[in-house]
Amino acid sequence: MGNTIGKNFRVTSFGESHGPGVGAVVDGVPAGLRLRLEDIQADLDRRKPGMSPYASPRKEPDQAEILSGLTGDGLTNGAPIAILVRNLAHRGTDYQDIAKKFRPGHADWTYFVKYGIPPQPGGGRSSGRETVARVAAGAVARALLAPLGVSVRAGTDAIGTVKASITDYAYSETDPLRFLDPQFSPLAQLEVEKAMERGDSVGGTVRLIATGVPAGLGDPVFGKLEALLGKAFFSIGAVRAVELGDGIRLSGLLGSAANDPIGPDGPLGNLHGGILGGISTGLAITARLFVRPTPSISISQRTVDLDLRAAEIETHGRHDPCIAPRLCPVAEAMALISLADCHLEGAHRL
Amino acid sequence: MGNTIGKNFRVTSFGESHGPGVGAVVDGVPAGLRLRLEDIQADLDRRKPGMSPYASPRKEPDQAEILSGLTGDGLTNGAPIAILVRNLAHRGTDYQDIAKKFRPGHADWTYFVKYGIPPQPGGGRSSGRETVARVAAGAVARALLAPLGVSVRAGTDAIGTVKASITDYAYSETDPLRFLDPQFSPLAQLEVEKAMERGDSVGGTVRLIATGVPAGLGDPVFGKLEALLGKAFFSIGAVRAVELGDGIRLSGLLGSAANDPIGPDGPLGNLHGGILGGISTGLAITARLFVRPTPSISISQRTVDLDLRAAEIETHGRHDPCIAPRLCPVAEAMALISLADCHLEGAHRL
Amino acid sequence: MGNTIGKNFRVTSFGESHGPGVGAVVDGVPAGLRLRLEDIQADLDRRKPGMSPYASPRKEPDQAEILSGLTGDGLTNGAPIAILVRNLAHRGTDYQDIAKKFRPGHADWTYFVKYGIPPQPGGGRSSGRETVARVAAGAVARALLAPLGVSVRAGTDAIGTVKASITDYAYSETDPLRFLDPQFSPLAQLEVEKAMERGDSVGGTVRLIATGVPAGLGDPVFGKLEALLGKAFFSIGAVRAVELGDGIRLSGLLGSAANDPIGPDGPLGNLHGGILGGISTGLAITARLFVRPTPSISISQRTVDLDLRAAEIETHGRHDPCIAPRLCPVAEAMALISLADCHLEGAHRL
Amino acid sequence: MGNTIGKNFRVTSFGESHGPGVGAVVDGVPAGLRLRLEDIQADLDRRKPGMSPYASPRKEPDQAEILSGLTGDGLTNGAPIAILVRNLAHRGTDYQDIAKKFRPGHADWTYFVKYGIPPQPGGGRSSGRETVARVAAGAVARALLAPLGVSVRAGTDAIGTVKASITDYAYSETDPLRFLDPQFSPLAQLEVEKAMERGDSVGGTVRLIATGVPAGLGDPVFGKLEALLGKAFFSIGAVRAVELGDGIRLSGLLGSAANDPIGPDGPLGNLHGGILGGISTGLAITARLFVRPTPSISISQRTVDLDLRAAEIETHGRHDPCIAPRLCPVAEAMALISLADCHLEGAHRL
């Protein structure tokens, strides 16, 4: 289980890395929304591998097909929108060794413990390829929310020890690492190149901003917008810490330095990071995602094989030396899905 | 909405700060579990205000009543367990000023925007008092999981700029701030005292450890244990960032330094923080919660009144100068609820 | 599990027959609704035992307490509304015999098989007393829907072999069996009296009508209004068949006799029973519930005791000779809960 | 919304009559189940149109493709199973007239009211074609439950005024109307032929039996097995009444005639219809579904066009003169889905 998220904008993800395809069913979209295949394709293309020297060279066309949910005129009809992306670039031989040994740092071991199945080619369901489903669903959310003025962007904030000093989301779209800072991008690239040379990988952080979010989204208690975003971001494979607003810094401050005064239109500052008491204030929501280094490295590591005998493993294949840049569109998708879910909640007051 | 959490161990929270009471309905507990009122009371007592010079002096007996779900012999009967804690220590006059002005940093403003209701005494539903429901439900989860060997403990890891250098959970139970480090606790206390003298508050961090968690808990994709814990922790009012394992540090490392080798019984180290691919490995799960300073301070702040006219507000009343210590039992409860939910999931394999 | 119903108007029921009390938590009610305790009490009083010579003589004051969800002004505040009704009229001795033997036709056996617990006093969770929670929650739904013009009424349509020839809902409120037909009520009463004399019970049917339901409630496929009502009605203990509109008669007709022509405001007749394709048309929704005779009879029956040895059982105690009349307010509640759930669904179209 | 059913065995249906295809995502199936495409295909073939002179002549190969959820060895892997069936036999011209007028008795009007979209070709989402998704998902449930000995069969019990006098499920598989009684099948066929000659349609009933169901499935209160089955059956388009066991007859009986005595292995008779108090007893579960006549008839009917002007409509096209026979595999699927959902519920007792 665990393949569906959301209450009002419900996304069900399916598909494995080396199966026929991956996809999503999006339920809850109101009728009458113009949804273009190219809107979905645009976000899928931003996620695609093979787009940069620093990303996996796996070539996938990642061509989406909308299977349902549209009228003949291209408007949503209120029914679930199923989107399918075929897997075409299997290269099973890359994984022959893997299929017989557990990869350290991967889901191979825990899937084996839980499901009793040996490591699947390309990681099967645990593969980053599953995020195609999220990005496709996120594109539907984006199409729903864009007319309200909602915009969600993410970029790479740090690679290894190199941190961006500014957050320029427009620039990051053109950067080979989606780095947010043109000045330090060359250093970040060097960090990745050094890792690549050694057959190693490196971690990073992703910074995200959602602007134009209407005030009033989110619920109290377990339905807090913080909780929904926290769940959404932590559901991304490599994410191991999440900060909303300037949450880490706030934990070291005095209250008098952490409260935004209130004016007739709401908070006058944004130390609160766009959410108060679980509910959006209308100001920008920001988040930082801390991304562990990709576990698949070609340096030899100790592990066991399927008979639980000690073994060495080197994971060759077409892996990303740093997954943070490719998580950017995924992080956007998860934020969009969460915001759409809140947006579609029914009336809160008579 | 948003007042229920969990799929298999479902907790529904109800109640406001100054209403008749707060409570929880816990559904999904298997029949045959011995559940003692004193088990619930013990955790409620650990959460209670008035227990330390550094906590709100509000005195609440917080006496729980189990309304349903037990046989005459004190065993669970498979039906929902409803637990009620009456509110006795209202002191409405503390809040007279508040009721007419929006408190900066509080949910007052966003609740007003969303629900159209003015600030409620004590914060109403957004009050920390709601966490009584969580701690009561968490105690049920603890009773369910303890026989499996699961133990969850949390302590204060930092207050303002003072950080614990060790994590001694046994010691922290006796510390007035639940500080994890006896050596630095006096400094942490000083930090709180300084804030109290100024009528100010101060932030902090909470560290949590879950041991004895069986391997195999959690699901892929959106049901990852990271996602469930992320949601659970971010649903706690003042939490603005969450780190699982050493997630922040990992984001700056190379993959070769971040993978735990695998032996015949699973991972040989715990850099992965007890969870791989959304599923527990059987090793300790750790988390750090970054807690903002309490917004209620008696220093004058700019705000608006109910007619949206500029005003000054000083929040007197019985507030906690640092909420982190009191979040410790709440964080434990949220972790226990999440783990119980995973534990009760049906068969994953034939 | 299974103690919560609804997606947008969520009702969680708790409590056993002979425990401290029964109650409901109702989540999803928008803020700003005036909710009076007497509204809830009025429906509880309509359900109460001891109100007629033909109902269980058990005397319960069934006094409701609203534990949460209201502002000081008696308006809903958007938070969950918890309602508690204490059990006062336990008479455990009635059930001493029962506690040692399984009652034929009761849930005793299946609860034992599923939960491993022996028969509980008064049936425990399976007792009709649990319907107090439903009626209380239904009263909240009624308060929410009444301003829209929605009215839901149920009456007894048949007792044993005596059928009502008309459906006079106003009259039925005053009838000792809630019989819908003043002319045949004496015969129906005779049917019950004959059963009572023998220590027997008798079945019946309940007829329900919902008027003023706005067009557009309900969803396609699994969320059809028929499906929601079907689930809601079949969740009532003694209901073993459910007919919507004239569904049974329709199954024997030709299509040309079963279609309502359409005019500019929608269907011109109501052979379709107020719902087409899962969605309400705005015309009256009607239903008939077929209610089995109460299994608790004082005639001797074959059963087994807790050691699974053959035994005879006579169920004395304060049982209803015909439960159909007392199900009427419960059926209303379940319809109201279902309609409120649909009504609170978010936007279906842009 | 409303396109997902189930808690533990979750089925999400998607697709419209004249779109690219229809399908289902089935989540919750444990790993290790051998699932063959031909198992799914076998049930789809039983549902297919064009198989009898009395069914729609629309020819659809209805070839299923499993898109996800299997290992390379054909075992389930614990991930969601997505199944797609392409639509090939569109014949849009049949529906040109329909697209401009509302069909009496159809969902056209209510979908227009709810979603603001005009009638879609073939009924769009409300088409019986959607049941392909259910039958495919039901086949997965069948594969899961068959090893436990669970068998679910449905046949046609009545057509118009012709009722089966026996229920021979083996025979019905070979009958052109899936009629349960070889003796009366010719009369039933005559009933359909008479309707066909007039361009009319006729109603009927479907009888279903589930054997080998383990005792203990289902939950109390809203999760009663009756409630799950009631919801499942009423979610089928043309079903307007549902009887479990001999529910209608029971409502006219005395309690002494309606209780099954209990022996050491449970109830000794099956007047209770396989379910007591919401929970299965292990005896056969039976149900009867009352099916309205197909609304699509070629006899002229009064309606309005898209401009709400009075119009006449004759629905030509490839419609079923009696839909009851084709609902049999759908009813089976819905029962199987419900039973699988209960079967996969986690532990009920320690």
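Which chain is which? They are A, B, C and D, in the order written, and residues in each are numbered from 1.
Note that contacts are C-beta pairs under 8 Å (C-beta built on N, C-alpha and C of every residue); 3 or more make two chains touch, one makes a residue touch a chain.
Predicted, not measured: the structure shown is a model, and the values here were computed from it.
Colleague: Could you let me know which interface, B-D or A-D, is made of more C-beta pairs in contact?
Modeller: A-D
Colleague: By mean C-alpha position, what chain is farthest away from chain C?
Modeller: For chain C, the chain whose C-alpha mean is farthest off is A.
Colleague: Indicate whether more than half of the residue numbers at the chain B-chain C interface occur in both copies; give same if so and different if not.
Modeller: Since more than half of the residue numbers are used by both chains, the interface counts as same.
Colleague: In whole angstrom, what separates the CA-based centres of chain C and chain D?
Modeller: The separation of the two C-alpha centroids amounts to 27 Å.
Colleague: Distance from the CA centroid of chain A to that of chain D, rounded to the nearest Å?
Modeller: 38
Colleague: Centre to centre, by mean C-alpha position, how many angstrom separate chain B and chain D?
Modeller: The computed centroid separation for chain B versus chain D comes out at 46 Å.
Colleague: Two-or-more-chain contact residues of chain C, please, as numbers and ranges.
Modeller: If we look for residues of chain C contacting two or more partner chains, we find 1, 3-4, 7-8, 13, 28, 31-32, 78-79, 111, 114-116, 125, 220, 345, 348-349.
Colleague: Over in the complex, which chain B residues touch chain D? Could you list them?
Modeller: Per the touch definition, chain B meets chain D at residues 7-8, 28, 30-33, 78-79, 220, 344-350.
Colleague: Any idea which chain B residues touch chain A in the complex?
Modeller: Within the complex, chain B contacts chain A at residues 1-5, 7, 11, 13, 102, 104-111, 113-116, 125-126, 130, 158, 160-161, 195, 198, 200-205, 215-216, 218-224, 226-235, 237, 239-248, 250-264, 266-268, 272-273, 275-281, 290-297, 299, 301-304, 308-310, 345, 348-349.
Colleague: Enumerate the contact residues on chain C facing chain B in the complex.
Modeller: 1, 3-4, 8, 10, 12-16, 19-23, 25, 27-28, 31-32, 65-72, 75, 77-82, 84, 111, 114-117, 120-121, 124-125
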